[in-house]
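To keep things simple, chains are lettered A, B, C, D and E as they appear, and every chain counts its residues starting from 1.
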């Protein structure tokens, strides 16, 4: 006997304001199988959940409908509450009367009638739910971290410290990422490599961490707990086991003048190189596109000759390595925007117009100018530098509506560094709003203004153009209400932070979603910021959205905690709403098989009694380990023999009928 | 290919030479221009400040006639192009306005007609290859600075001729004509033309700044497609030079004039005689006339 | 399929002002004014379009209440027979929404949706269902505004067509 | 009874008059197929075509009709029966149709329970028969003791005369009242049938009787019932069923099949109970709760249909449930022929030496 | 099939049809139907197949003395093949009977013309019967004759014999009168626009490849329907669907409908109700057509058997045209191992969504 209880939530006033919750409960009482209906201010709160448990006991309810916020918010909460009260968690349905009713329809009678209809639909569906059990899945207790920047390093260390194996896949020659390119970091001005290199060394030597540098993700198959990842170990032409990192090869390599991408093309590097002196692993790679051996088939070979340990091997090829992982942490970081849509600033036409990262390299001791700030055009010391904030950010018309969060602070830091290194140089900063939302950030900004005399001009820069031997920065000073022109030897654009160019392609490989700007989408901005919508894939750092180093490290540790939490259980709880076959109706046509994205459908030999004789035939069967419950097979099956539990045809038709009444 | 030709008041008045050279160059390049019968003012005057409706109705009337002719409109003058295009866009976005305008101009208007500056006609419908093939005197050795001004490139969405910050289409045409173009930063800087009577001092400063930048980049003359810019840069050049205590002589020509020379049209027919800063000495020096 | 001139023209007549009226509840007499209100069933995929609808909610964007959403795990789970069932039970318009191709949480679910419904949509028009009564959309989790815009436009289109008689089987 | 002569125009106007007062069903042509169906203009009536595919029974026993209407929403559930209303006229029923009506009357009107729906429709239907104009090779009506000119069971009978007009006989006083009404309203083409019209009608009837005699020659009902009594488990049925695709054509086209299913149709609190045709050829017909099915395969289902036609009905009512209209013979996709089954049964009864006398 | 179609590559475990015969058109060829020794050769072939134990059953046609409609027959022993027949009245598509032999021990022979053979291939592709279990005896079909048309041509007289020539037909009546009519006038409707009369896959084929009759009449009707307004199309289909009596003959003859428990027979979920109204008529007609789309071999048996003459070919051919335009897939049943295009996808697919 189905005995359904309906619980309509006020959600404070979020629902009750535009939906007459009493009336909805009243109308629910007349629905078939409904034996109890009530309302409560906060169903998701403890008393609300207790109300459900009590009602189940008092009215012997065996099915529950909660009319509240979106299932994305509290379906899990109410399932647990119902389970605690002894009812199968899948005999509970949520009617979304907040996000999809009370918040979007202000007219109360209209909202009430729609809410009643949505509740009727949920009741009709729950009447046809069947108890489901979630299965157990084996967990591969190995983690994959994509990206070797500070986010990847921190996550890897935390996971490894908890005793689980971690593989870091880093595209460049060395781990370190963006932070390795920085000189000092705000707000403490401590040297970036001083706080980064020790962590890189830890990662380099940690027994539980394997670094696959100069490698990329080729493909990802499988699902949470059982990912099968193919990693492409690009050929470095150097045998890592033998090489000691002595540096003979890259010092003697005749090809000297290749632009060093690590130094933002301001400096040069040889054909066989390490990104920067503190590189981990300290094993160089050969840039096959520019190495004479590969360009003029076999010539040169200087590095091979000078190598004391004979580590050079030109014949090494790319290797595809297949490994199994239980969890993946995406930490692919960011790049600065190319600013091609802003010709008026002249980035790329005037050499002395650079971005923040370029300036970091100029001011960094491992940079091309060993830390002395020189103008890229003629190498002179700049006497006046203009910093332009929100370069590409907060500009809906030209594609990036978001704020890149870290530019105000790092531009203030760079201005301070300039004033420290060249006391007589003058720093100007064009800004819209200074955002110092962090601990000691405002104080740092005040020091830049008062102690270091950085001149802040509130206004946008209209045009940068060369005049005689310097640049003129024309903009507006909105506080004085008049245009202003500043002569500058260098212009530093705080270019917007955007995801890596191939972020979208990588997301599709791993199977996670991303937003309009190609930042990876978190499961819930407030409640689940480090999880993606795909089970077992976690996010850390700027790949999820612009942020500064403290936040990145915090997210990395959070993601690591999520991974460790997953590995700590003896098995994974698998999805309960999976496909299942009604073998009596299945004719073995296997139209369901090609549509399954997870290849979860296999043939199965069964024996059946037909009349007096026993017959053997082949029917379809679902591997509950692989199936993720998408339901494509249920539609491909003409007779409906393939059912998707939780979303069977009966349930969906019941909803459609109730909604159309 | 055939287009409805909208000369506008300037080309029938102070910018007479722009009109002649446009017609001659078009003939040479096979562009058939049929003047819009009974065309009226394009609303470039201060009409739109007194009544925005009038500012749309004036150009709309010309567009409606062109639509009856079934031809897209070629408008060499930057101001005409701006106002015709603005009217078309505003009526596209708000069909109540369109119905209101139809009542005012007492003609049907369905928004089927496009508006093109002459440079766009040459670039997209004739094509630069055709220009290169029909060169007679390539403008070899002549260093030019293309000045776009404001009306042809701003605001985006109302006029979409070229990139508002870094336009290059005039440069492309003149390069195809064999000339050497200077890449300079003040292509779209305001020349103060609208203040030439009410704020002459400021206008001279702005003109001076533009000409100084052009000269500094090594330009020998300025090429433009807007009667406003031509008149202002040409007439104010002397005052600006004295104010800046330098003596640059930069003839300010319409791109159709130089293009005409490059296509072998006789110099006499191109109205080279009606400029304050006489271009002929420079052109003779370069062996072009 | 030749665009039906009349419907396009009618829709064009609507000015922006008329578009944003807050539609009432559903088919049959409206709660207040007694005028007919179209009933629209929207099948939304859980990961993208349903999340988009939620986002429209959290941003408090208003759209007509005629839309009633049925959640499915993936747009690949939407059986064309559900569309027929909705029309049978009195729906005046049916919408199908899923993730943008390439963004599907199950990687290929919406590729099958695209194939199935490119055939079924043409066939429904062929047997005489007015094309404006059925439409499909790719709406991602971050496109709350697109969901609202689509909901409004579709409701107005269906409203201008009047109640659906085809396949209607109500008492 | 009175005999009239009516020109085809006269018949045309009569139909137009009828349309005003009642729902007229007559043979009409759809996409090249003759079907019995409601007509809304006299022009649609096609009296000369072949035997209509959809049988006449749909007038008195429609494929689906509402029985009850319920509203369970209120405190006290309301239930009300649904009575068919209005007058009906069925025009162009051939003698096999009339015989079929007689069979349906035996089922629905005799015995303890009289079907109210059927009763109401039957009482309010005026039947205008038509002497069968075209006897086809697949017709074997004569085998069942009546011929294509036998108008018994109808209110009026039309016979198409060579000249194009119709000989109209009134067979019941209800038919007479109708003719009288028509005369009162002055139908132009309606006149008293003269002697030669009467003889022409009789000649036409004789002609079709001869044709029917010829087509039914090879078919006889002798020993069919007795033969079937002995062959219920005969392998013949399995052999026959091997060809049958178990579709519903033979039963839904048969004028005498009368099985129906009762279903509910709920829309929230309101609901309707209706009945609709069902066919013993579908497996669902005998599907029981829990999945059991006494007739699981085609063999049992096909055998059941043939026995019901040629044996069971006879045991109960003393006459065959087949009227020899030939629709199932002509339209069976795999050419299963009931005449062959009768011949088989007759042969079997002879072989068993069962003495058969009339 | 363009290789651009990225099918989900068959995984090891996937049960592809057992082993696909490489040589699709065999070497053995028999005489054509018009040829006098044709029937003898056909009977010999069937008898030897049964006698030598190549097959344990043959599905073909048997003579029916007094009617123009030969019966489908299931020959189990060589002797029975004496009265096996194949003439131009063998309209019935016999491939679907293979479904009754899914669990039959032994091989089954089927005598099939072009359209039936495509049905056999489709059943194999739908994995209802393995290829090596079927002996396909193909006949290049010159076109089948519709008995109803012959009878109406003969009027009142009864037809006793019909002699079919290459392009005309001689009808002999019981009364002895003879009449000659052009073949085209008595051909079954579908044969008038039959493009593929030859079996695409067979073990032995009788007769030379026929051209078939190319007529775009159906596609013109479809185009004309597409030009109508949706209200006109609605009226058109309402008028036809209204006559459907739900006998399911169209489903039961269709080789692409091989489900044992069809959605229309299910109680839970209650897809189709018994009530005969426009809603249920539409649900049945549309769902049946959509279910077979992508697998419908175009044999038009459904259109032929429909007792109330609903133009099902206008629906099937429309779906087939759209599937072909959208996914460039071959006519189903012409190639072994081909899955329905609706269970594949391609990144470059057309998109009807916004």
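Simple rule for what comes next: a contact is a pair of C-beta atoms (placed from the backbone, for glycine too) under 8 Å apart; a residue touches a chain by one contact, two chains touch by 3 or more.
Nothing here was measured: the structure is a model prediction, and the numbers come from that model.
Undergrad: Moving only to chains each one touches, count the minimum steps from subunit B until you reach subunit D.
TA: 2
Undergrad: Enumerate, in label order, the chains that touch subunit C and subunit E alike.
TA: A, D
Undergrad: Show which chains lie in contact with subunit A and also with subunit E.
TA: Touching subunit A as well as subunit E, we find C, D.
Undergrad: Measuring centre to centre with C-alpha atoms, which chain is farthest from subunit A?
TA: D
Undergrad: Report the chain whose mean Cα position is at the greatest distance from that of subunit E.
TA: B
Undergrad: Mean of the CA atoms for each chain, then the mean for all of them together: which chain is nearest?
TA: Answer by centroid distance: C.
Undergrad: In terms of C-beta pairs in contact, which two chains are most connected?
TA: Contact tally peaks for the chain pair A-C.
Undergrad: Per the centroid of Cα atoms for each chain, what is the distance between subunit C and subunit D, given in Å?
TA: 47
Undergrad: Could you tell me the distance, in whole angstrom, between the mean C-alpha positions of subunit A and subunit C?
TA: 31
Undergrad: Report, in whole Å, the distance between the mean C-alpha point of subunit A and the mean C-alpha point of subunit B.
TA: Taking the average C-alpha coordinate of subunit A and of subunit B, the gap between them is 50 Å.
Undergrad: On subunit B, where are the residues touching two or more other chains?
TA: Touching at least two other chains: none.
Undergrad: Going by the contact rule already set, what residues in subunit D reach two or more other chains?
TA: Correct list: 265, 267.
Undergrad: Can you list the subunit A residues in contact with two or more other chains?
TA: Within subunit A, the residues that touch at least two other chains are 595, 636, 649, 653, 657, 661.
Undergrad: Going by the contact rule set out above, which residues of subunit D touch subunit A in the complex?
TA: Per the stated touch rule, the residues are 73, 267-269, 296-297.
Undergrad: Residue numbers of subunit E touching subunit D in their complex, please.
TA: Subunit E residues touching subunit D: 64, 66-67, 69-72, 74, 92, 96-97, 100, 148, 151, 156, 158, 239-240, 243, 245-249, 251-253, 265, 267, 273-277, 305, 307-311.
Undergrad: Under the definition above, what is the set of subunit D residues touching subunit C in their complex?
TA: Residue positions touching the partner: 265, 267, 270-272.
Undergrad: Could you please specify the touching residues of subunit C with respect to subunit A in the complex?
TA: 22-27, 30-32, 39, 41, 47-48, 50-51, 53-54, 56-58, 60-63, 65, 68-74, 76-82, 85-86, 89-91, 99, 102-103, 105-109, 112, 116, 140-143, 148
Undergrad: Note which residues of subunit A are touching subunit B in the complex, please.
TA: Touch residues, subunit A against subunit B: 342-344, 346, 349, 463, 465-468.
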